[in-house]
Every structure is written in structure tokens, then in C-alpha cells.
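In the part that follows, the structures are each spelled out as C-alpha cells.
Each of the two complexes below includes subunit A, the first together with subunit B, the second together with subunit C.
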Partner chain A sequence: MELKEKLISSFMAFENKVDVEAPVHEERIAAIKNFEDKGFPNKKQEAWKYTSLNNVLKHDYSVFPKEETALEYREVKKYFIHDIDSYKIVFIDGAYSSHLSQTTHDGIDVCLMSAALTKPKYRILIENYFNKVAEKDESLTSLNTAFSKEGAYIHIGRGKVVEKPIQIIHFATGKESSLLLQPRNLIVVDENSHVQVIERHQSLTENPILTNCVTEIFANKRAIIDYYKIQNDVQTASLVDNTYISQKRDSHVSVHTFSFGGNMTRNNLNFYHKDERIMSTLKGITLIGDKQHVDHYTLVHHAQPNCESHQEYKGVYADRSTGVFNGKILVEKEAQKTDAFQQNNNILLDDRATINTKPQLEIFADDVKCSHGCTIGQLDGDALFYLKTRGIPEKEAKGLLTYAFANNVLESVKIPQVKSRINRLIANKLGINIGFDL
Partner chain B sequence: MNKYTEQDLEKDLENKEYEYGFYTDIESDTLPVGLNEDIVRAISAKKNEPEWMTEWRLEAFRIWKGMEEPEWANVMYEKPDFQAISYYSAPNSKPKYDSLDEVDPELLETFNRLGISLDEQKKLAGVAMDVVVDSVSVATTFKETLAEKGIIFMSISEAIQEHPELVKNHIGTVVPQRDNFYAALNSAVFSDGSFCYIPKGVRCPMELSTYFRINQAGTGQFERTLVIADKGSYVSYLEGCTAPSRDENQLHAAVVELIALDDAEIKYSTVQNWFPGDKEGNGGVFNFVTKRGLCETNAKISWTQVETGSAVTWKYPSCVLKGDNSVGEFYSIAVTNNYQQADTGTKMVHLGKNTKSTIISKGISAGRSQNSYRGLVQVSSRAENARNFSQCDSLLMGNQCGAHTFPYIETKNKSAQIEHEATTSKIGEDQIFYCNQRGIDAEKAIALIVNGFSKEVLNKLPMEFAVEAQKLLEISLEGSVG
Partner chain C sequence: MLTIKNLHASVEDKGILKGIDLEVKAGEVHAIMGPNGSGKSTLSAVIAGKEEYEVTEGEIYLEGEDISELEADERAHKGIFMSFQYPVEIPGVSVTNFIKTAINETRKAQGLEDMPANEMLKKIREKSELLEIDRKFLSRSLNEGFSGGEKKRNEIFQMAMLEPKLAILDETDSGLDIDALRIVANGVNKLKGEDNAVVVITHYQRLLDHIVPDYVHVLHDGKIVKSGSKELAHELEEKGYDWIKQETSA
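Moving on to the complex of A and B:
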């Protein structure tokens, strides 16, 4: 049976498990209908021109894992940023693991989507925010909405600075031969609040895993949100990560995406500006090899005056890997005095590596400062020679230069432990040890 | 040989007797509207074409029938009804007007400002002309100069008769019939166009522009151009005209094929100023053009275009850099005003080693127009050391218009070096203020700034056209400053 048919028929089984009387269920029904109409995206669609899902979709994924699995903290400790105190929301095969998690209701809500969707005290928030910024037309997002049940729910009330970061980790254990996961996260940050979130998807198995994740983020007035996505999954796991961010006046949201692993990774990152004087930051480092495929698809929708967006994506592609960058900046005619910047730099290390990039500007306002730049090249031969003359072996020299190339993206990472973790991941990925902590 | 100057031309004109050029006027006859195999056969028969040409057209027609009109371009328009068009109409030999006084004064005003001579004005507006200075004689002079060098330059229908081998071997090799919807349509029904062949090692002594401009008579809706530069030759070709063309044909679907063999160089410049529709966006020409050049080893093709006309433009002059060390260039200014829409850009396909390409695109949008740059830079896995530099700048005037950039960059080779940059800005108030201070009024100041903005491209145009193009930019943007 085709995966699409399987999913549509699974929806009926899914309805037995959830409260069909809840208002969100109407959204689910509308979403499954949209998915039924549109199906999975294919390469004929402009947005998926360079990324094919065919290889990923050929597996017979099970939609509902049959049994729950427990993990010991020491087995999975290395996947956490464990050297800082943090709130943790951990899922194993899509199910919440209270054993590994550390949630709170003390002034802020760091808990579960399943609770938020069912308990009456969250009802107003869910009505106001759930599925309000996610693209209703997009088929994969619709698929997630249809099966939305579990995920992280974070609500930070007014004027709260959350003192420690929140880690959201999704583990897949591979009890099933292949598994489709569809976490749904909702993050609402009220006026004058500040929160830092670290997100990771990790498969612990060789069995194929496909994750179709949707995260909705709402930044109210003057809110500050730092979001870090660490993607260093095994080669059999694929990820479609859809993030939708709605920003109000004077808010600042920054999203850093570090893509080092996975078989196929697609990051849909969408920013919507709902008011003036908003700042958005999108940064990314992609460092892949083998036959890996990473696709960054970003949208910044400037709809109001005096907003700023800053995008910087660096990519290093080895072996037969493929990179895609598709960045779109849309400036509406009301959005005067917009300052939008977009940069995409790429290095190809091997002849069989491919990069497809499409930095796109659509501008309807005249008093704006919009620029984009994109380069494709290789490591500087002179610099490499210089390092070699000073006794640094070629491999390490290349590693150093690659690191230097990607480094300025790291400068804006605000959690030192995340920064050093990323540094170590880069060093690992480059296979070098140069005697000091990069 | 010395360069052919205007003085020479004048002298030739005085001495030369009137001769008929190669242009044979056929009495106007029009085929019934609609398109089917019979019509294609009829067009071919009217032109007395050999069997292979008829077959080629029919093949194109069959392909076209199975194709769908493309919708991916960032333009909105009402699709033309392809069965409501008459696909053949011989050029009308009767002049439209008896004297210049009858011509639309607005048109004449534009001619004057562009600095077009009185006789040319008459020719362009379709006024009956004094026989002695008829441009046909000038054309003939040029033709002799060209013949001396062995250069073949004639209409494509004539070339099919006189040089069938050259045409047969090259037509459709760069833009095949099945390339796209409009190219297929053009291949099936093309009315006429130009054919140019430069023999080995010959440097064409003049800009083919001069010749073309005065010889341009009703080129029709479906123009087909084929330029072949043999090994080591050079030619500079200018198509179009700065003078506004009031054409009744709404749909234009031309195909231009350039072939630059080893060490050859082709410079192809276009000035397009078709009727853009009135201020409310009614009427205007749809311009759907397929232009592509093929570069063999060490060859170079350079496209320069100034686009100010047409209601809807859909045009991507491209270079296929097949040979090693070949070079492709694209310089473009696209101006849109009122309700005009332009989706234009280029494709640079790097196949050979050490191939280079440069893209400079300047878009200026005013009024309620939409201006898009859409470009592709593709580096195949065998194209070692490919180099590309792209720059797309947009200038916005007013907040009703839009500027868009859709650059596609696809690289499969690690030694490729590709740079792309794009900016969007408006004319700064401080810049205008600076000019005002020095006694330059706002309108002139805008013209000055726009010229500066487009300088890099204007510089690439042949001299005389650069001057006219500059004025053309000024006129196109008139009244867009609020």
C-alpha cells in the first residue's frame, strides 16, 4: 500500500485515540483533507525542485509505534547538552518519557502538547495559537496537523526570563522496522520574556526513520527567543522540519540550524512579521558528506515597516552530498525601511558533490535596503600552502580553514556550551584533532 | 579596410543610383485564422520552401500540439487564443501615411528626442518616402561591402532557397523544436527573419545593426534569426530599434540561434521598444522570445539588451558554453513602467573546461510594473575551473511596483567559482537633493541617476545606440517621479 493511502486510512484509527469533540479536531479533519488532495510534494513543484522524497517515502513506515521503550539516561547522555542545567522534554518513539524529562509549571509552562490539547486550562491558548501560523496549504504540514497529538508545549508568561535553556529531544529506538514520527511543538512567549531552546532529533537505530516535525513559535511584544537546531542524526534517519514563527512588535527571534547528519534533511523555516521594528536572525552551518542531502528552504515575510532580517548560511559539501539553499525574502509594499540581508556561502570539497542555490528576492516596497549574496568556491590554495609551510598537515590545515569559513555563524550563539558542542561536532565531522579545542 | 563611416555613407548615397534591394515585395495576402497542419503547409508553400523545411515545420507543429503553455514565469496576462491568430500575412507594401503631418505627434516628438533623422522617421512611422534617399539603396551598398568579404546576410527565407545546406545543418541545433512552447510554435510558423554567416577568419567590417535598422520592414510576429560565425570570425549584430514600434500584432514569439564555432566571437545587442500598452495597462505587445547561443572552443558570445517596451516580456538570452575556454556574457537593462511586466534573465550552462560567464542585470521598475530577474548558472561535473560572476541590481521608483530576483545556481564541480550578488534600492532623496542644489530639476536628476545605475550595461552597446538607449531610458521613465 502506498504510504499516502496508509496514512489516510490510519487517520480513522487515530480518531479513536483522541477527543473528536475538541475544537482542534476540526483542524485535523481539514488538514487530512488537504493532504489527501495534495499528496506528498514532488520535484515538479518549485519548492521541491531540488529535493526528492521518493527514496525516503519508499519504506513502509509504521505510523503508531506498538510498544513503549524505556531508555537509561547514561545510554543517551551524550545527545544532551549535559554540562548545563536545563529543562528537558524528551520523547521516545513519539511518546513522552517522564523518566528522562524535567518539566515545570512554576510560573512558566514547559510541558506536553498532549496535555495542552486536552486540559481545559490551556484551552484559550490553544484556541488562540494552535495551527494559527503554520501554512495550511502545505501538504506535509497538513499531514502533521492531522496527526498532531504529542510534542513540546512551552508557554512563557509576561516578563519572565527563563534562567536555563529548554532542551527538546526526540529519540527513535527502532523497535519497529521503520517508523514515521510527527511531533508537534508549540512555543508561546509573552511580552518582555526571554527563552532559549535547543532541539534535537536522534535515531538510535539503523532502521529507517522519517520525522515530519512542525513547530509553531509566537513571539509577542519585545520577546526574545533563541532557538538552536542540532541535526546530527544517523544516516538512516530523514527529517522534514517545518518551523513557523510569528513575531510581534520589537521582538527578536533567532534560529540557528546546524546540519551535520541524517540521510535527507529538509528545513522549512518561515518568519512572518506581524508588526513593526522586528528583528529576525537565521543562521546555519551545513557540513555533510557521503550521500547526504540537506535542503534549507527559508522565507522571511516582511509585511510591516522598519523591520530587519539577517540570514547567513554556510555550507561545506564532501563526497557525493547534495546541498540546497532556497532563501526567499518577501517585502510587501507597506514594509518600507526594511533592512534585509541574505548570504549563502558554499564550499565543494569533492567533484561529485552538488550545490543548488536559489537566493530569491521579491520586493514591492521602494524604500528598502535588500541585498543578497551567494558564492560557491573552494578552500584558498594560498592559505592552505601557508599552513602547510608551517608544519600543519594537509588534513588539519583543511580542517582549520573549513572551521574558519563556518566560524562567524557561531559568533551569535549565546550559550557557550552549545558553541563548544558544535565546535566538537565540526572537528569530529572533519575528522581532525588539532590539539586545542576548536 | 577602413571603417565605414557616416561620411562614406553620405558620399555613397550621392553617387549611387537607385537600385532595388533584395527585398521582394509580395502583395499583402493573409491566411485564414487558426492553426493546423494545412496552415503550416500553406505557409511553407507560400515561401516556396523545399520539402525538408516543410517537414521540419510540421514536426515542430506536432510537438507544439502536445505542449502546454508555460505558467512558471512571474507575469500575469490573459493568454492569447492561438486559434484566433492569422499566422501568415505578407508585408504590406502600401505606406500608411502620405506625409509626416499625418503621423501621431506624440510619436514624432519621441523620434525627435531620440535624435532620429527625418528620413528614418518617415521610414519607421510608415510614411511614403522620396525615392532618392530610400534606404533600400543604402542597404545595397552595404550588401556589396559584405559580399566582398564573403559574408552572407539575407532574410532566412532567401537563405533557405540560396544556401539550403547551411540552414539545414544549423537550424534547430541550438534551440530545438521541442525546446519550449513558444519555440515550437515559432518553428512551425515562422514568417521570416535574418540569416547571417561569417566565413572563417573574417571580421565583419561593420555593425550589422546599421544595415538592419534601415532594412527592417515588417519582420512579423514569428521571427527566426540564425547567426553562424565560422572559426575565428567576429560579428556584431544589433537587433531592434530604439524608436517606438506601434505593432498591431499582440503576440511576438521570436527565436534567435547563435552559433560561434572555434575562436569565433558574436556580439548580439538588442534594443526592444515594442508598444507597452497605455497608462492604464490596456493593449501592448506580449514578447515571448527564445534566444540561445552555442560556444565552441575558445568562442565568445555576448548578449546585451535594453528592454523598455512590451506589456509582457519573457526572455532569457542564454549561452551554452560547450567548448573549453569559451566565454558567455549577458548585460541587460530592463525598464518597466505603468503596468508592464518583465520576467527576463539568462542561462549560462558551463559544459567545457575553463569556461567563464558574466551576468550584469539592471532592473528598473516604476509605476505599477513588475520586474523579475530569473537566471540559471549551471556547472556540469566535467566543467573544471568554471567561473561565474553575477550581479543583479534593482532600482524601485514608487511603492506600487515590484522587483524580484530568482537566481538558480546549480554546481556539480568543486573547482567552480561562483559569485552572485543582488541589491535592491531606490533613488536616494539625498542624491536628488544634491542635484537640485546644483540647479538640476528632479526629472533630469532621475535621468542622471538612472544612467549612472545602468552605465555598466550601456557601455557595452555599440556607440550610436548607447546614446539613443540613454535617451530612451529617460523617456520610458518620464512621469514616474511623484
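Moving on to the complex of A and C:
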């Protein structure tokens, strides 16, 4: 049975596990119908021209893991930013792990989607926000909505600066020979509040994992949200990460995506401006090799005047790896005085590596500042020679230059421990030990 | 120290060096002068081991060992240093971390342990004082946003830290005001000793007022066409390179 058919028939089994009377269930039914109509995306569609799911979809994924698995903190400590005090929402094979988590209801809600979807006290919030910014037409997002049941639920009330970052980690243990995970996260940040989130998906074995994640983020007036995605998964894990962000007046939302591993990674990152004077920041470093594939598909929808977006992605591709950057900036007629910046720079370390980069600007307003640029190059031979004359061998010299190329994206990372972790991951990937003060 | 025999080198099949012979002994300072396009920078790059230049004939010896086939980093490990006309910017890597890396890579190649941190700090302090470099400068990203003078001073600082046997200074005077020139020259003079040698590559005589050479060689069309004492540099300054060109074509 093909995966699509398997999923559609699994939906009936899924309905036995959830409250079909709940209002959200109507959303699920509409979503499974949309997925049934559209199916998985394929390369004939413009948005998926350079990314094929064929190899990823050939596995016979389990949709519901049969048994729950426990993990000890020491086994998985290295996947946390562990040198920082933080809230943690941890899932093992899709199921919440209270043992590894540290949640709270003390003034803020850092807890579970399963609770939010079922408990009456969250009903109004769910009615107002659940599935309200996610693209209802998009088939993979619909697939996630149809099976939405568990994930992280974060609600920060008015005027709260959350001192501790929140780490959301999804582990896959490999208990099933192959597993499909569909976490559903909802983050609502009210007026004048500030929160930092770190998200990671980590497979612990070589058994194939496909994660189709949807995260909805709502930034209300003057809210500040900093979101860090650390993608450094094993070769057999694939990820489709769909993030939808709705911003209100004077809010600032930044998303940093660090893609250092995994088989196939597709990041659909969408920003929607609902009011004026909004700032959106999208940054990314992609550093991959072997036959890995990373696709960044971004959208910034400038729908109101006086908003800014700043987008900077750097890519380094070794071996036979492939990268895609498609950055769409849509400036509506009303969105005068928009300031939109987009930059995508790439280095190919190998003749067999590929990058397809495509800025896509659609501008309907006449008084805006929109700039974009993309480059594809190789390491500079003169620079390499310079480092070698200082006694630095070729491999280390290349690593140092690659590090220098990607480094400035880290300037906007506000959590020092995240910055140093990323620095270390980069040095590690480049196989260099260059005595940085980390 | 350095012996160059009948050196021919080309880039993309175009011959640039056409038979260079040069002998530099420990304790000596040699200046190589010449008009633009005479092959000065090529000569320094070939000695330092730039891959794009192909040695088609002849050899380069450092302390009796043929180094013509070695990679640039291996030559550096053996004690060759080249100061660049246009040093490379490396964002995110501080001057201090860069020099630590360079020193410890060289030590690794020589089978030594990393330099102990306190020794490294002491040396950095000592050498940065010599070149009138302040602490803030050391924590800046390597060459990023440096002025012309800062770049050159940083090059000589690296030389001071690496303590090479043979230092090649490629157009170190270009883009320097008189104060920076004095500091750089002063640094080079203090580093000069009985056991090392300096080759100064320059278009103008100006730097040679501060770093006084024992020998001056004039390069023209890929060959050394005239050698002499420091007075030769003054003569060149007065008469210009046309004088050499006429003399050699006559």
C-alpha cells in the first residue's frame, strides 16, 4: 500500500484516539480531505521543482508507534543546550516525556498540545489560534493538521519576559523499523512579551524517520520572539519543517535555521504581516556534505506599510550535496515604505555539489526599498595561499575560510550558549580545531 | 640560508621568471627592486610556494634542502615567512586566535606540543609592544576593516610571533604613512639577527632608508640584471628604471 493510502486509512484509526466532538476535529477532517485531493507534492509543482520526496516516501513508515520508549537524560544530554537553565518540552517517538521535560504553568504556559486541545481552559485560545495561520491549501501542512494531537504548546501572557529559553526536542528512538512523526506546535506570545525557543529533531538510530512538523507562531503587539532551529540529524532522517508566523504591530520575530545534517530537509518558513511597523528576521547557515539535501523555501508577506524584513542565508555544500534557496518576498499594494532585504551566498566545495538559488520578488507597491542578491562561488585561492604561508595546512585553511564565510550569520544569535554550540558544530563539521575562544 | 639556482617559473604557460640566481646568507638583508611587471611578486610567491606558479626549471634550497616541491604550509614549517601586500580578511577569527593557530600548527608539524597558554600570552604581549599594537586590536577579526597601515603592522606582528628563518616582505611599504613605515621598519630591524635573513621586495627606495640592505638586486624581465650594495638603490631612485632597461638592452 502506498504511503498516501496508508495515511488516509490510518485516519479512521486515529479518530478512535481523539475527541471527534471537539471543534478542532472539523479542521482535521477538512485537512485530510485536502491531503487526499492533493497527495504528496512532486517535482512538477513549481515549489518542489528542486526537491524530490520520492526516496523519502518509499519507506513503509509506521504512523503510530506501538510502544512507548523511555530515555535517560545522560543518553541524550548532548542534544540539549545543557549549559543553560531552560524549560524543556521533550517528545520520544511523538509521545511526551515528562521525565526529560521541564514545563510550567507559573504565569506562562509551557506545556503540551494534547492538553491544549482537550482541556476546557484552553478552548478559547485554541479557537482563536489553532490552524489560523497555517496554510490550509498546502498538502503536507494539511496532513499534519489531520493528525494533529501532540506537540509543544506555549502561551506567554501580556508583559512577560521569559528569562529561560524553551527547548523543544523531538527524539526518534528507532524502535519502529521506520516512523513518521507529525508534531504540531502552537506558540502564542501576547503584548509586550519576549520569549526564546530552541527546536531540534533528533533521530538516535539509522532507522528511517520522516518528520512532518507544523509550528504556528503568533506575535501580538510589541512581542519579541527569537526562534532557533538546530538541524543536525543523522543520514537516515528527513524533515519537512513548516513554520507559519503571524505578526502584529511593532512585533519582532527572528528565526535562525542551522542545517548541518539529515537526509532531506525542507524548511518552509512563512511570515505574514498583519499590521504596521513589524520586523522579521530570517537567517540560516547550511553546511552539508555526502548526498544530503537542504531546501529553504521562505515567504515574507508584506501586507501593511512601514514593515521591515531582513533575510540572510549562507550555504556551504561539499561532496554531492544539494541545496535550494527560494526566497519569496510579496509586497502588497498597501505595503508602502516596506524595507525588504534578502541575501543568499553559497560556496560549493566540490565539483559535484549543487545549489539552486532563486530570489522571487513580487512587488505591487511603488514606494518601497527591496534589495536582494545571491552569489555562488568557491573558496578564494589567494586566501588559501595566505593561510598556508602561515603554516596552516590545506584542510584546516579551507575550514577556517569556510568558517569565516558563514560566521557573520551568528552575530544576531542572542543566546551565547547557542552561539558557542553552533560555532562548535561548524568547527566539528569542517573537521577543524582552530583554538577559538568558544 | 636561501639558494636559488637558475629558477624559471611560469603561470598559465607564460614565462615570468627566466633564470634567477640568488644566494642569501644568514644575517643578511637583501632588497629586490624592479619596475612593475618585472617578476618581483612572482619571485616571492614562488619562494613561498604558491601553487598557481609552476617551476619549470631550477631549484630553491633552504639551508641546503630542496624545497621546490613542498606545499606552502610545509615551507612555512621549515621557516619561510612571507608578508603580503594584500593580506586576507577573516571575519570571526581574532588576530590572537589566528596567530595561536598558526604557531601551534607549525609546532605540530615539528612534533612539538601546543605552546603553553602563559608562554603564548607573554610572547603576544612582548611582540605587540614591539609593533605598538594595543590589546583591542588583537581581539579584532583578522584584517577585517583594518587600515593599510594596520594590515602591514599585523603582518610584521605575525612574523615576530612565528620567528621565521627567512622573511620575505612583499611591497610592505605600499600604503604606509611615514609613522607606520617607521614602526614596521623598526620591528623588522629588531627581529633581524645572525640566524635569520630578510628579503625585501620593493618598487621604491623609501623603505630601504629604514631597513638597510646588505645587497640590492634589480629584477627586469624575469632576471636579475644588476646586483650591488645599498648605493644601487639610491642610484635607481635618481636615474629611474629606464636606466636599467637601457643598460640591459644595450
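Everything that follows uses one rule, which is that the second predicted complex is superposed on the first by the 436 of 438 C-alpha atoms of A that agree within 3 Å, B and C clash if a C-alpha of one lies under 4 Å from a C-alpha of the other, contacts with A are read in each partner's own complex, and residues count from 1 in each chain.
In this section, a residue touches a chain if its C-beta (ideal position, glycine included) is under 8 Å from a C-beta of that chain, and two chains touch if they have at least 3 such contacts.
The shown structure was predicted, so the numbers you read here are calculated from the model rather than taken from an experiment.
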Given the alignment on subunit A, is it a clash or a fit between subunit B and subunit C? fit
When both partners are placed on the shared chain, which of subunit B and subunit C touches more of subunit A: B
Kindly classify A:D350 by the partners it touches after superposition: subunit B alone (first), subunit C alone (second), both, or neither? first
Touched partner set for A:G315, first subunit B, second subunit C, both or neither: neither
A:K333 contacts which: subunit B (first), subunit C (second), both, neither? first
Output check: A:G261 vs subunit B and subunit C. Expected answer is one of first, second, both, neither. What do you get? neither
May I ask you to decide whether A:G399 touches subunit B, subunit C, both, or neither, giving the answer as first, second, both or neither? neither
Which partner does A:D366 contact after superposing on A: first (subunit B), second (subunit C), both, neither? first
Give me, in Å and rounded to a whole number, the least C-alpha distance separating subunit B from subunit C in the superposition. 14
Doubly contacted subunit A residues - partners subunit C and subunit B: none
Subunit A contact footprint on subunit B (complex, rising order): 72, 381, 394, 396-426
Tell me, which parts of subunit A touch subunit B in their complex? 46, 50, 333, 336, 346, 348-378
Using the touch rule from the top, collect the residues of subunit C that touch subunit A in their complex. 45, 48-52, 71-73, 75-77, 80-82, 84, 86-94, 97-98, 100-106, 109, 158, 162
Subunit A contacts subunit C in the complex at 380-383, 385-394, 396-397, 400-401, 403-404, 407-408, 410, 434-437
